[in-house]
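Here's the structure we're looking at; comments come further down.
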Amino acid sequence: MTYLFDPGNWEWLFTGNNARFILEGFLINLEIALIAMVFALAVGLALALARLSRNPVLSFVAGLWVDVFRNLPLIFLILYLALALPTAWRDVWEENVPDWAPEAFQSGFVFAALVGLVLYNSAVLAEIMRAGILSLPRGQSEAARALGLSYRQSMRHVILPQGLRRMVPATVSQLITLNKDTTLVSIIAITEVMRRGRIVTSSNFFAAVEAPVLHVFVFIGLLFVLVNYALSRLSRRLEIGERRRSGAARMEVKGLEDQIPAAEPA
Amino acid sequence: MQGKSWRWLVAMLLAAVALGAAACGDDEEEPAGGGAAATPEAEQFDPSTTLGKIQEKGEITIGVKFDVPPFGFKNPQSNQVEGFDVDLGKAVAEKLGVKPKFIEAISDNRIPFLGDGTADLILSTMTINAERVMEIDFSDPYYIAKGRILTKTDSPIKGLADLAGKRVCTALGSTYEETIREQAPKADLKLVDSYSECLELIQNGAVDAVSTDDVILTGMIIQDDTLHLVGDELTVEPYGAGIKKGEKQMVDFVNGVFDEYKQDGRWQKTYDKWVGQYTDQQQEPPTQTVKEAIAPS
Amino acid sequence: MPGLISFLGDHFDAFAAGFWVTVRLVAGSFAIAMVVGTLIAALRVAPVRWLQRLGALYVETFRNVPLLVLLFISFAGLRRAGVDINAWVAGMGSLGLYTGAYVAEALRSGVFSVGKGQIEASLSLGLSYRKTLRHVVLPQAFRTVISPLGSLMIAMIKNSAIIGVSLLALPDLLKQARIVSSQTFRTDEAFFWAAVGYLVLTVAATLLIRGLERRYAIRR
């Protein structure tokens, strides 16, 4: 215990470039999460609509796609893509990444990581969106049709806006999971926070002060807990707001740990 | 979404992006080459050849280790990669008249990198052996390392025979995976992504020994003097630069650079800088060819 | 196609060994998660304020920290601090403690679904708080939350792959696929069979949950 709190073991945090090095890495994780989230939302919406489509083939194929990608480990997808993604795509990425983007983003591997994250999370979000849309009372779609709106119009103006609004809290929860998942990209040699933490702990070659593994990673853990906790509070607030407004029941989406409904006292 | 929460979320997002942009503003950046002309002293290659294309791009992508001192190591204080392999890579780039761009090549992806063009050249403590020669081409050996075993100074392990039943760490996809399986089949092999993990594991006692090239092990001893080398040489490990299969022009070019490097004294200087000053051991630049390197000793 | 199948035949031992390691990791972690989750849920619903806070602290910490960070802390960090923890314990412990936070939350909602009335009735009948929890509340709570717990088991199967790529060096299914791939240079085949292995596990878990739900679940 004293090992953990001994101030001598925390000296590394205040020497040299260490803290900044790690924080910059953390920022990279957050950026990857945000970019992946944006694309995953777009792809996820397309998948959800495909699944809800009245075309049975489309619905089946989309359903199969979602089920496969939801059930594979994300690290598996990321590793495979890093090894198997055609280099042409990676070259395109590297040529087009703007110079002001952080150094870590210059690597074509970020592309593989993003594709992996988007493939996985779009499948997850597709399920969330589908649950959100299906949780709408039938009356909504029936009323829309009765008013003369076509399928597409009723989707666009009645169902989707409400259904998607319902899934905002769940989406923020998924962002928390995404944040945590960005640490996995360290395995394919992107210098985000985990890699940087390891570099700092092994930099005894150059640095004067030793950075113990335990402390460095407790620090990194705290960074994540802080950001994710803030996000979870946001999600909780959004959910309460949503529930107050529309009386929506909490949706359950299977197979995802962060989608376990937060407990509310009876 | 409620008006307040929406604005708060947008503000958070903007703040994150702004922080990101600000933080990377101070990064030392080697600007990505965009048609930078090759320097006048460099021999110009026909733009249809691989070397010519590299010159047109203005940079050569070299895969090195980022966590294996003293050959390839990212220094967090300077944010640059340094080491023996890195210096060699810089020499190749300089001779070609382009900027070197260093990316990290971990053991199980460096060969695929060459195949799919992610890297033009691999300089990451890669041993020349018969299996790899089937997948890629190599330059002539630029360094001869020896396979050794590393343990804590108070360990009862004194050599290969003592490894039976002990936990031995080496990198996934390295030649030592097979070496240990063959020479010490009763050893409990622990495979990790990189040698920095092996160092961590032996330092915290999760493994009893690490086996890999002596220079990598020396890099570990420099960081932690409670470790030492034991036993005889397991293997001879001639390091070669990895090049995509079939790129004869590039192989010849790199060999030319290496020959010059060895003959004009730069090899010796680089050796002393990265290895010699720590091990007090002398070495001469290697004179083997790739064929000799693969031949069973 | 025949190449794909013969590939499995050639390397079956490696894949099977990895599959078995993954199964053991998931089983052990699940057991830990259930025990820890139950304890923390009990804390969370305890009538004592600071116990509730303690439970909340646990949940918020372990839900928001990445598993990979936990693995580093529990294995490398603790070992450096002098604790001789081995890779299996660190792996199962990390995944178990991590998932335990979610189990606690799921159980808590299950407990709330049991309804205050039952708790009050049981207490007024003279049962202690602990007995009430043990004989009245928890059995019903568990049956309500079979579905979320099943989700967690599937999440665990996926998260177990993270243990394999960490420095714990446990040879799970994904690790074996990488080893085979680096030995044979045939990445696609190796990863294909690993994917099959993981899908077999998740499908089996899904079927198991559905079966249990049909028999035991209380719907409210």
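First chain written, first letter: the chains are A, B and C, and each begins at residue 1.
Keep in mind that, in the parts below, a contact is a pair of C-beta atoms (placed from the backbone, for glycine too) under 8 Å apart; a residue touches a chain by one contact, two chains touch by 3 or more.
The model shown is predicted, which means the values in this text are computed figures rather than measured ones.
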Leader among chain pairs (count of C-beta contacts): A-C
Furthest chain, CA centroid comparison against chain A: B
Most central chain, Cα average position: A
Where chain B and chain C are represented by their mean Cα positions, the distance between them in whole Å: 37
Centre-of-Cα separation between chain B and chain A, whole angstrom: 32
Interchain centroid distance [CA atoms averaged], chain A/chain C, Å: 20
Touching two or more other chains - residues of chain C: 76, 80, 165, 178, 181, 187
Chain B, residues touching no fewer than two other chains: 112, 193, 200, 204
Touching two or more other chains - residue numbers and ranges from chain A: 83, 187, 213
Touching residues on chain C, where the partner in the complex is chain A: 44, 60-61, 63-70, 72-73, 76-78, 80-82, 99, 102, 105-106, 108-109, 111-113, 115-116, 147-148, 150-152, 154-155, 157-162, 165, 174, 178, 181, 187-188, 191, 194-195, 198-199, 202-203, 206
List of chain C residues in touch with chain B within their complex: 75-76, 79-80, 84, 86-87, 165, 167, 169, 171, 175, 178-179, 181-183, 185, 187
For the chain B and chain A complex, residues of the former touching the latter: 1-2, 5, 8-9, 13, 16-17, 19-21, 23-25, 27, 29, 31-32, 66-67, 69-70, 73-77, 79, 103-106, 109, 112, 116-118, 193, 196, 199-200, 204, 219, 222-224
Chain B residues touching chain C - in the complex, by the definition given at the top: 107-108, 111-112, 135, 169, 172-173, 177-178, 190-193, 197, 200-201, 203-206
Chain A to chain B touching residues, read off their complex: 16-18, 21, 23-24, 27-28, 30-31, 34, 82-83, 86-87, 90-91, 94, 99-103, 106-108, 165, 168, 187-189, 191, 195-196, 198-207, 213, 234, 237-238, 241
